[in-house]
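Dropping the structures in below, format is structure tokens.
The following pair of complexes shares a single chain, subunit A, combined with subunit B in the former and subunit C in the latter.
This part shows the complex of A and B:
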């Protein structure tokens, strides 16, 4: 034991020396001079600079450029989406037969837990940060984020967070399951999460805590950027809708994530130091549910508001008309942001809470449907009599609206106490929120990726593959999650690794059928996402270069956004500087617009 | 001033520090919460050093050493406070070090603080005498 400690200490010391040595090699600490423009920014470019960034891997490890960090977030988010998606597919394969097809119950619990946490914290929040990092400064006319280095720190906290959250999957085979992946479900309810002795739970909590720190740092940065870094011609009246939603989301993060972080520290202390925050003799187990959902419900809007902003921003571009009721969409965004902190106990209707409190939470939960519906009707009205162009991003926007209606309406039902008491903890809830997280948030993310793909890569994606991706996703989503709604009505409880029920409890044959239908839908979804990854990777590497700065032909309707204006300037500057051949040839073509889909 | 400009001087949109600040925070958390002494000390040293570095690079402070002194002092005081507050005095023994979780964690934090303070003090003195 002492020997092991000694080796570990030696290893750590060597590592520290290596880090200090390598830092001393690439960095000249004695040359630092205070920045003229105050902290945070780059200040004046020092005399040595001829390029903004170093080359190769070092560029990506040291960059503080918001566009690079946006790309890093994006790649990270897509990888997390792939990991979480594979976990989801394994879950669906398992549930094709009542006894469970491929894995044991414990491993199923681990998959279930990690799928939820991966998709919400490692895919959802970071992929939104990817868009926000790349495009908010461009949209508001800022040179960069207010705190570029904090921006980089926030990103670099995420890879270790992911490794910690997934750590149990790697350590379980090495340690004979002594350190296994957490089996707490993503809600980490006490006393289950406090009493599982598995250190894998501690690692997951630490990873989650780090991802929360990262999200909070990012949120502070976005708020500071939008308030203080706007260009001269951008004011509150003409701030674009995507930046409005990022601002609101950042406000929500600022109030919600530190609370989650504190609650997780309390849980870690309960687990490791013997405190009694959530023990029956201490704060009680219900305290966790209140703290968790006080974070957890705003988290839903943290995840959905920016995608709503993406839809509000992109959808009008392909309708040939401005967003209908812009002001009311902004107001409804702010209203949702405020109301989201007053609905958390609707996740706890069946816990035996005071009926008067319960009724008030029901009222606020139902009320939040109003601003959501305002947005939905405004999107539909924007499309009404518009000159629709069914490009891939537009298809995903329309898919978003369709799926959001289904996910939203089922949510209104669940907000009603009597309905919730029947459907609580069934697959109905799973179907409801997956319509939102996959059918809406996922679709908005795809819309954003396709819409801005030409700016980020300078190339166009493959149109046919994009459309195949949309239709497989739309069909797969609706088969999978509609089947889950039906399963909920049949009484199938969520989270179960198998369903060999007594026929008196649930109609087994029907439950099996709907599970199999859901799994078929998941297979269709998987094929769609494989096509997506193939399309993005191959198009990025060797796709056709965009011709001109307006690949979507937006100038015709006077709808070219600030980011495409920036793209135009970038291309012109590259040409004036004798830039790359590819861009010269694109402009030499006369700046023709790219393909119309 | 050295012949070769440092990375963040040479390239205005690059800085080596954020990666190490993030790594330092991560490793500190793992070390302190899981209770692995060497990892906790390593993480806190890396975190403290990187914070001092990034504050200097971005112009919030002119030299990194005062940050090391302040951060180290803070750690030492916080670690000591937890031990004094939560561990009975007669339990603070060498034999008990590996047994009492809170004691080991507290000592790790105090040790990191003291090392950071020493590093800051020595570097500061060396710099002033060589200048």
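This part shows the complex of A and C:
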């Protein structure tokens, strides 16, 4: 026995050496970062530079270029959005009839859990990182992120995170449901999550932990980059609004995600080695809720602040004027960042917590609406005196403002304890936060994708399809989530795989009708997103090349951002290189070749 | 793509659409529930407990609330929006 183990250990050691050796031989990856020389600013001569990036898959596996990593994050985010969206659509199909249309209760619970976790952790955070990776260095005049290799590691932690989170869907049919996808809901409330014996929960927790580590590494990198890598002409006074929101978001991640990681390790210990952190005889089940929501509410702002930054950045471009009240938008961003750590218990008003504590959390929850309202006020005032051009990104910006008002106002009511006690755990809550996560965050992401599509691909998307995408998304969002608000008024509890109603509470026919309306809205949304994917993929492959460096005609209003100035330099460098192959031109655009230096 | 619209007109249109939608929502919600809703405008004026009464309640309340904010936007836009004046 001992001999066998020795042989196994030896084999593992040999395998490790082979892997390390292979990796070292693939490419001299130190060469991809200008920081390798210890310098990094323009004009500093690195001691070693590589002539061009490797081709094919190896380029994408080994890249530490912030733009490449931004694209990797983007592709990853869109795939996760598709997976989470299909899960959402299945959920909506299931609820079209009271007894559930297509799947069993347990599988429904798995879909519900994975939909939430996928959209928040595998789509929301990564897609923001996609924009931030690609554009923050360009906007602040940096060569790259402060720690390019940490940047790459942070991204590459995400695919295994997704595989672990979704693992149960693959292992369930192979193991006879012994290892099934987690059915804890995304909040993982104890004692449910501590006592479910399914190992799929452990896999999901490990995956989630990994995604948290990735987000934290990314946040450290953004903070270091914005503090230390800004160009000479970029200071705190003229730092763009998107970078401000990324900086604030990174601060929130730094304080929130490690706490989630710690809480999840405690939960894993409770599940596997008999600790009692969250057991009734130990720390109690409320402890999980406090720890989770201390992370969970800042997470809402981790997800919404950068999209607000995108809107604040893009909306004025199509109003032909500067953003109204720039300073106040920055201050409100910082205020939201601070206040977001003082509102977590509004998720727990109905748990029986101390009423004095409840009142204080209600006050702070109402107060946090003020900086959000300041932003909305400033966006509308910016539009009021503007000359609007209703391009696709602008339509998504206007859609954001409209949906954010609906999501925000419905949220203010929930902050009030008496209203919350009636509506808690109903579809009203689901409708409210989906107006924010889909109607606002999703719309800002689309605005960003369309606005920067010409820079990333050098091509223009198909405008008619872009507008069809907007209108289907806008109509689908409002049908689906308004129906959910109505379901909440009727008393429909969230998370259920089916429904029956005492006629004294609400007529079942009405509840069924609203569920069906919500499902029709989801179908419209699905069609819109299919058009989006088709448009992006075909336009990327064979769309019309942009003719100049200013595809939005921003120069006319003196609104050209630093990223488009970079785009101009890239195009000019490409012309200067005329005759070179495409890869070489791209390298010359992205940084500086050894020859140039 | 270069065709421009006046921002103030679009904002006012959005305001009117939102207020109209509020009326629709009030009507639909009152129709959907058997519970007797007793809409009271500003907590004092009793409106009829019908779908139309609830729709009026929603439209007047939201119309007034958003109307005050819109008036504020107009005031600030006319008097304090230096960036727009410069451009």
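By definition in this document, the second predicted complex is superposed on the first by the 532 of 597 C-alpha atoms of A that agree within 3 Å, B and C clash if a C-alpha of one lies under 4 Å from a C-alpha of the other, contacts with A are read in each partner's own complex, and residues count from 1 in each chain.
Here is the rule we use: a residue touches a chain if its C-beta (ideal position, glycine included) is under 8 Å from a C-beta of that chain, and two chains touch if they have at least 3 such contacts.
Nothing here was measured: the structure is a model prediction, and the numbers come from that model.
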Review point. Touching A:213, do we find subunit B (first), subunit C (second), both, or neither?
Key: first
Practice item. Return first, second, both or neither, reflecting whether A:8 touches subunit B, subunit C, both chains, or no partner chain. Key: first
Exercise for review: Examine A:61 and indicate which partner it touches, taking first as subunit B and second as subunit C; both and neither are also allowed.
Suggested key: first
**Study point:** Larger contact residue set on subunit A - subunit B or subunit C
**Key:** B
Check your understanding: Between subunit B (first) and subunit C (second), which does A:157 come into contact with in this model arrangement: first, second, both, or neither?
Key -> first
Exercise for review: Would you check which partner chain A:105 touches, where first means subunit B only, second means subunit C only, and both and neither mean what they say?
Suggested key: neither
Exercise for review: Would you tell me the residues on subunit A in contact with subunit B in one complex that are also in contact with subunit C in the other?
Suggested key: none
Check your understanding: Which bits of subunit C are touching subunit A when the two form their complex?
Key -> 1-8, 10-11, 14, 18, 25, 28-29, 32-34, 69, 72-74, 76-77, 81, 83-84, 87
Review point. Across the complex, what residues on subunit A touch subunit C?
Key: 319-324, 377, 380-391, 398, 402, 405, 463, 482, 486, 489-490, 506-507, 510, 513-514, 552-553, 557-558
Check your understanding: Which of the residues in subunit B come into contact with subunit A in the complex?
Key -> 1-2, 4-23, 25-26, 29-30, 33-39, 41-42, 45-46, 49, 53-54, 56-60, 62, 64, 98, 101-102
Revision key, fill the gap. Contacts from subunit A onto subunit B in the complex sit at residues 1, 5, 8-9, 11-13, 15-16, 19-20, 23, 26-35, 38-40, 42-43, 45-46, 48-49, 51-54, 58-59, 61-65, 68, 148-150, 152-153, 155-157, 160-161, 164, 199, 202-203, 206, 209-210, 213, 268, 272-273
